[in-house]
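The following blocks contain the structures, represented as structure tokens.
Both complexes below contain subunit A, partnered by subunit B and then by subunit C.
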Partner chain A sequence: MNPPTIKPMYYVGVAVAVVLAALLPWFAPNQFYIHLATLGCMNLMLVLGLAIIARAGQLSMGHGGFALVGGYVSALLSMRGWSPLLSLFIAGLVAAAIAAALGWIILRLRGVYFVLVAFAFSQIAVLLALDMSFVTGGANGLVGVPPISIFGHVLLTKPQFYPFALVCALTTLLLTWLLYRSPLGTMMAATAENQRLTESSGIDTHRVQVIAFTIGSGIAGFAGALSTHYLRFISPDSYTFWESVSYLTMLVVGGRDGVLGPVVGVLVLTPLPELLRATEGLQHIIYGAMLVLCLMFVPNGLASLVQTWRSRQRVAGTGAAIVAEEVT
Partner chain B sequence: MSMLEIESLKRSFGGLVAVRNVTFNVNEGDFLGLIGPNGAGKTTLFNVISGVLRPSAGTVRFLGRDISGKPANQTVRQGLSRTFQAATIYPEASVIENAARGTLASSLTGLWGGFLSSKWRVAAEEKAFHVLDLFGLTRRAALKARELSYGEQRRLGVAIALASDPKLLMLDEPVAGLNPEEAAELASVLRRVKSERGVTMVMVEHHMRTVMGLCNRVVVLDHGTLIAEGTPAEVVSNPLVIEAYLGKEAVHA
Partner chain C sequence: MSMEIILVQTVVNGLMVGMIYVLMAIGFTMVFGIMRIVNFAHGEFYMVGAFLFAILYGSNDVPFSISVLLAVGATALLGLLMERIVFRRFRGNELNGMIASVGVALILQNSVLLMWGSSSRTVPPVISGVLSVGGIVFPWSRLVVIIGAIVAVVSLNLLIGHTRIGRAMRAVAQDAEIAQVQGIRVDVIFPVAFVLGVSLAAFAGVLMAPVLSVSPFIGLAPTLKAFVIVVIGGLGSVPGAVAGGLLIGLIESFAGTFVSASLSEILQFLVVIAVVLLRPQGLLGRKEREA
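And now, the complex of A and B:
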């Protein structure tokens, strides 16, 4: 059996999707759509970060906390004269470093304990942002965060910022895809499926999970910083528990396997609240009903519909091959 | 040459001593059977040797190196691999992927390699196919592991352990729950693996016919203590062993 070969059709599909996303500013009826697409890019990065952690078998309920840390780090550094382009990466590294230290200790905890400690971390991050008002501005947050500038080209307006956000999101997507195909990604999937067996196959599963947590949280830090420079503002309310829940919802609705799941989840759930706004008052009920229906009928996420279809074709193919083999 | 040296090994859980001062060696090329009545401490001893549990006292030396209390993932990389009694596969992954995951630790790319090239996967699957071939699972390669029959799943579990290229393979009740035909089939596979790959093996097993047919040496545990050691024929005629299994009267009768 050869490694899963990618048919040219998929490359064409990906290329078309990327071109469409890049051309959005030209055919969007108004700036609101560009704003929504920019939010989608940042959500995609956050959900991909969460997906990487989930790939290794852990659920991070504190994802928003790392985005918050990243946002504040980048805001504070850039307000003190650092280049925002540099501070974005520092924000990612700081979030990753915190995750590595925290992960080393708490990833020895299994299941629900890890979920609780990650949740507690995000709450502590919010409380620190509120209480350390001499640095963070307290409940008012930080206003007037400098915009990102690339070689003197300042990204002030929505159509200017969107391409940068798209490049960041697509790069994250590509790197995640490469990660999933690498030995490390395979070790993550193995750890999630049967940790004891993976350990007995000579893999340090604790280390694999710490690395996944570090990478995923680092991405969250970067995305949080990106969002802060886009909105030019950050406050303790920017990333609360509800943001962590919404990333998790996107991941579950889209699908946890592969990189397609997060893309689908973000594409469906980022614009949904806006589309439902017309229904007045009913929007939360419809949103909730859709989630319940998804969990009931597509428990592996919307992206799994594609995979089911593909594996049906595969089984039909191998079945035919075996029959042919037995006949001859 | 001694491959595995176990010296005065002890493991207790609170007040309960599960393994008490056990000492024995496994020589290179051995097929050692570890037997004993239920609750004799066989699986505990297995877990301590393979690094799943820490010993309370005593040492385990593998290829001359002290591995007592080392985590399982390190002992595997040194060449000591084991199987479990239950749930020893990745049910949702394909059969070939199951075996390929077994090869990961011994592949050369390490944790950070293989990002841009898929050579490692070709190599891993090639290795995995050799192992599947030994266990007669080649034609099942594309199926999900949970779609296999119980007997095939047990064989796949041993195949995953063998995929890490061990020098010493420890099998925890490999034929438990198999019907006589499946047990005989697995036994013949193990014999073939042993002769083709020169892997030294240790096996915990209740199924006496399998033990007698495969093992050249047998160690008997009872209440955590080693009570007999020798060839299968010596051990089954040892009064201590008969007493442990059947009780005192049987010996006097």
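And now, the complex of A and C:
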């Protein structure tokens, strides 16, 4: 198969989507929509992190744990006078460092063990946050986390914060897209496809998976910190196992291949919890049902539907061309 | 209280919790060994069993033995239904099967939440009084849990080791394809194994309901525990699940009594990392054959 060529139409579509997203504060009927869009930006970063890990053939059930670590690191540093803009990146680095150490130990093993240890890690992170109340404030969490300020501009209100979140999310999206097209991205995809074959081609698949896990978890740490500075609050309940599950749901429903899947998953599933706040149980049931139904009937996610449609069009197009040739 | 009494109570508590974990871990490891599915919904079946028992026995005064049968039976039926609708399609596909089980866990937990609310219920003790042996007293309510769990484990062992269906299950766990060639109806073995695992989880829930309080959120912790135990004991190994379950139960009880509960969780995590590093096949597991 030829490498997919990118049509000019594609660029136009992306540009239109970005402009629409950037203009949202001007045509949103009220602040609630801006809030939703901000949450969507943060979810997108978390889901992209998960997608990078999945790209290398692993599944992290502890994604929320890394977001929690990032949130606490950034909150604690900035409450001690560090610039939040700096502490965001430190949060990402700390989460990435933990993931690298943990991944180096556990990624030599088969998938199931990795899932367990990542899952257990996120539980430990919640426990530590509860237990070390002298630093973390225990179950009450940390209140009054300083807002982000850029060159003296304090991002206090929702319309002020949204552009920053959007820039962060789009940067992550762009970097992920570039990663997928880089040699490392190819190695990741090959590892997921067939680990032994990749290994026998001289690629250290263990290292590839550790790197993917480190990058993905680092993004989670950054996004968790970003969200903490937006809500100005973090507690052990901010990122539980069920948050990790909802990122996984977004990834699976949207699609695991490429960067379009996470975008679709986030767009479809972010508004849902907010619209169904009143009946919290129902929202989770819908998440669960969508997860199971997608795996059964669209295992490659909603984004794959677009791709199937496009390739069908392409096939129809070449078919027509052949017919035309035969006629002439 | 003298040191001796505290020690004995800690051991009894540890054994009780440990036996519950053993029941959870055996079901979990069976489903994995036979269907190759990591069932994140396993603890939700424990929760459903405990909840049904709390409603029947605790709130409606249905006789004890009937409550146990109904609670376990109804949960087993639910398990059969889930196997038919969901899990059957994912056997052998570890990654998607695991994700699907998370979806099932979400659905089960929140359906219970919607139907019966989030408040926790207490169940009256099934039995009161104490057994005193040589001046040391054992509360019957805890002994009953231990005895019930032992009975379940022993009967399961007999079923797996000494019946036709048990042999068929062991064969499928070793190699489903070859088992099929030998004339074993794999399509029957899968649901049987799944329902057995679910029933064990439900029974564990029933046993624990009078000791702990029951709410829709109690399922996740035993799932994690089953997971931890199975990794320590070896995925797919039943003796490993027993040893690992008792070990974790005792660690928890001792650390909880003498140090702190969260320290015991961290300790368990470190044990898991150590096992994974030093003996990846688990303490009593056999090395996975290279496929």
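Just so we're on the same page, the second predicted complex is superposed on the first by the 290 of 328 C-alpha atoms of A that agree within 3 Å, B and C clash if a C-alpha of one lies under 4 Å from a C-alpha of the other, contacts with A are read in each partner's own complex, and residues count from 1 in each chain.
The rule is short, and it goes like this: a residue touches a chain if its C-beta (ideal position, glycine included) is under 8 Å from a C-beta of that chain, and two chains touch if they have at least 3 such contacts.
The model shown is predicted, which means the values in this text are computed figures rather than measured ones.
By the touch criterion defined above, A:L77 lies against neither subunit B nor subunit C after alignment on the C-alpha atoms of chain A.
In the superposed pair of complexes, A:I106 makes contact with subunit C only, with no contact to subunit B. By the touch criterion defined above, A:A118 lies against neither subunit B nor subunit C after alignment on the C-alpha atoms of chain A.
The larger set of touched subunit A residues comes from C, when the choice is between subunit B and subunit C. Looking at the shared chain after the overlay, A:F241 reaches subunit C, while subunit B stays out of its contact range. When both complexes are overlaid on chain A, the residue A:L173 reaches neither subunit B nor subunit C.
Of the two partner chains placed by superposition, only subunit C is touched by A:L59; subunit B is not.
By the document's definition of touching, of the two partners only subunit B reaches A:L184; subunit C does not. By the touch criterion stated above, A:G288 is placed in contact with subunit C alone, subunit B being left untouched. The contact surfaces that subunit B and subunit C form on subunit A in the two complexes do not overlap at any residue.
By the touch rule above, subunit B contacts subunit A in their complex via residues 50, 52, 71-74, 76-77, 81-84, 87-93, 96, 100-102, 104-107, 109-116, 118, 120-122, 125, 129, 139, 141-142, 160-161, 163-164. Of all residues in subunit A, only 1-3, 178-179, 181-184, 186-187, 189-190, 193-194, 196-205, 207-208, 211, 314, 318, 322 touch subunit B in the complex they form. On the subunit A side of its complex with subunit C, the touching residues are 59, 61, 105-106, 108-113, 115-117, 119-121, 123-124, 127-128, 130-131, 241-242, 245, 248-249, 252, 279-282, 284-285, 287-292, 295-296, 299.
Those residues of subunit C lying in contact with subunit A across their complex are 32, 38, 40, 86, 89-90, 94-96, 98-100, 102-107, 109-111, 113-114, 220, 224, 227-228, 231, 235, 260, 262, 265-266, 269, 272-273, 276-277, 280, 288.
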